[in-house]
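Two complexes, one shared chain (chain A), two partners (chain B, chain C).
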Partner chain A sequence: MDNLIIEGSNHTPDVNFNADTGTLALKGRSTPENSIEFYRPLLEWLDQYGSNSKTEKTTLKIQLEYFNTSSSKCILDIFKKVNALFKDGLNVSINWYYEEEDEDMQEAGEDYSDLLDVPFEIIELEEE
Partner chain B sequence: MIDLYALYQRMHDNNIMLTFKGEVTFDLIDSILKIMEGRLEQLEDSRKTKKKVYNVLVECLQNLCHHIDFSDSQPDPNKDEHDYLRKSAILIIFSDDDAYHVATGNYITGENVNGLKGWLDEINSTTKDELRALYKRILDNEKFSEKGGGGLGFIDIARKSGQKLNYKFKEINDKYSFFSFQINIPKA
Partner chain C sequence: MAKRHVFEKETAILEHIQEFLAKDGVSKDEYKEELLQIKNYYEDLLDQGMLITKVSDRLQNKLNNLNGKLQDKNVELQNTIDELTKARVGRKATTIVLLVAVALFLISEGVLEPQIEAQIGDNIWLGLLFKGLIALLLKPIETLTEKYLMNQALKGNQKPGEPASNPKN
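Now for the complex of A and B:
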């Protein structure tokens, strides 16, 4: 299947969902007014990925600088798709990265983690 | 002629970083965020505070856009003064030694006053941990409206700032009220 690559903007994240490597990355900021529209292709891609996944392991890597509340529900929808893959027996996990000392982003990761069964790692990034 | 120096001084004395009055569009929000990001980069050393202010500002501005009723097409100033006015809003961002302040004002229909007031009071009477639980519950259970938001905006503003939501309603006529809102984001 095709990889999903979307270049980020001032209010949408970089998307790099690679079906060949099993690394699905979302990076940048997510503050669009219409987040449903932005996240729809990502959710559709994940639907396809479930039955086409050939990699041994799948990791969803989320590294966000900002996200708005309208994105928060869409991000949960993404996580729930991944959670369903996990329940189907796929070897999947989620990595949630946050910048050093960004407690808000750390808490946000913990909030999501509480709502899911899939292995969910919250990782602090060292300052560059 | 307008006394611009007096106006300048007043804005200077009040440490006004940005102010706007008029119709709020998505493009405008984008521009305001870009300007404020640049200003915060210059003025604020703490990355943590910078991010909090930016985050809160995003929610305040998008709230403003969602609360203003865009259901009609173009506003017609000749038809009804308030039909025109209700698309209009005010935004003031200022700072002092202790905090950044984001203040917004916009018209809402009278029938929505009690609902909004109840929601803001509920958030203000909730502890930090309860607020977090409420956020998670809404995130997981409730359908979001087409316009986005979904009730999480004000919770997020309260969580990120760690402060109470200040608000006031002023009845304008039998149809509209003016909603004033202010949040303070303490400096680190």
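Now for the complex of A and C:
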């Protein structure tokens, strides 16, 4: 299956969903004008990935500086898909990265993890 | 084609419920099963609503904090600009005062002293008094020059309709 790579912009995050390594990364800022238009390919890719995954482990890495309300709903939809993969027996986990001292983003991660069964790790990034 | 939105799935569920309600001859068991499904959807929707509200509030908070930091940085930047303007104006005023001092010294030596000597005779104290007076005038001249140049600089920096900033002295 093809990898999904979308270059980020000022309003959309970098997407690098690699089916070969099982690392699915979403990084940057997410404030698209129409969130569902941006996230639909990601959700569709995940649907395909569920039935075609060949990697031992899958990790969804989320590193967002900021996202708008509609993106928060789309991110939840992604998490639900990953959660469903986990329930289907796939070895999958989510890593939620936040910048040092960014308590709002840390707590946003905690809010998401409360709704999910999939292993969810909240990781603080140290400033370089 | 209608514009897609993030609640497409939820809208589809609502349409399904409406279709179900419009049906005739539905058994009690079918109603019960449908109600159970609606309960699950509602639970899911409530979780989503609570989460999205919480996350959205946190991000609003983050935005407010960033906005506050940005305003602080703007004040810092304005203060730095004012300090730089003040330093630049100070240097310019000092140069002008130095030129004025040289001019006054030359006038004093070349014009006033010969006049005094011609009128009153060789009076060293009167000559010193004039020079002292000129020296004492230098500081007020510098202050006035600096004030004038600062006003000019602020007028130059000021955008139309914006009140002039007031750098600390």
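In this text, the second predicted complex is superposed on the first by the 128 of 128 C-alpha atoms of A that agree within 3 Å, B and C clash if a C-alpha of one lies under 4 Å from a C-alpha of the other, contacts with A are read in each partner's own complex, and residues count from 1 in each chain.
Throughout what follows, a residue touches a chain if its C-beta (ideal position, glycine included) is under 8 Å from a C-beta of that chain, and two chains touch if they have at least 3 such contacts.
Not measured: the values here are computed from a predicted model.
Asker: Is A:Glu101 touching the first partner chain B, the second partner chain C, both, or neither of them?
Answerer: Only chain B; A:Glu101 stays clear of chain C.
Asker: Which partner chains sit in contact with A:Glu37 here, chain B, chain C, both or neither? Use first/second/both/neither.
Answerer: Touch partner of A:Glu37: chain C, not chain B.
Asker: Quick one: is A:Ser70 in contact with chain B, with chain C, with both, or with neither? Answer first, second, both or neither.
Answerer: Both partners, chain B and chain C.
Asker: Which partner chains sit in contact with A:Leu115 here, chain B, chain C, both or neither? Use first/second/both/neither.
Answerer: both
Asker: Where does A:Asn10 make contact in the superposed view: on chain B (first), on chain C (second), on both, or on neither?
Answerer: A:Asn10 contacts chain B only, not chain C.
Asker: Would you check which partner chain A:Thr55 touches, where first means chain B only, second means chain C only, and both and neither mean what they say?
Answerer: neither
Asker: A:Asn91 in the overlay: touching chain B, chain C, both, or neither? Say first, second, both or neither.
Answerer: Neither: A:Asn91 stays clear of chain B and chain C.
Asker: Quick check on the output: what are the common chain A residues between the chain B footprint and the chain C footprint?
Answerer: Residues 34-36, 66, 68-70, 72-73, 76, 102, 104, 107, 111, 114-115 of chain A touch both chain B and chain C.
Asker: For the complex, give me every residue of chain B touching chain A.
Answerer: 26, 29-30, 33-34, 47-48, 51-52, 54-55, 58-59, 62, 65, 132, 135-136, 139-140, 144, 148-150, 152-153, 155-156, 159-160
Asker: Residues of chain C touching chain A in their complex?
Answerer: For chain C paired with chain A, touching residues are 3-8, 47-48, 51-52, 54-56, 58-59, 61-63, 65.
Asker: Using the touch definition from the top, list the residues of chain A that touch chain C in their complex.
Answerer: 34-37, 40, 66-70, 72-74, 76, 102, 104-105, 107-108, 111-112, 114-115
Asker: Taking the complex as given, what residues does chain A use to touch chain B?
Answerer: Spelled out, the residues of chain A in touch with chain B are 10-11, 31, 33-36, 65-66, 68-70, 72-73, 76, 99, 101-104, 107, 111, 114-115.
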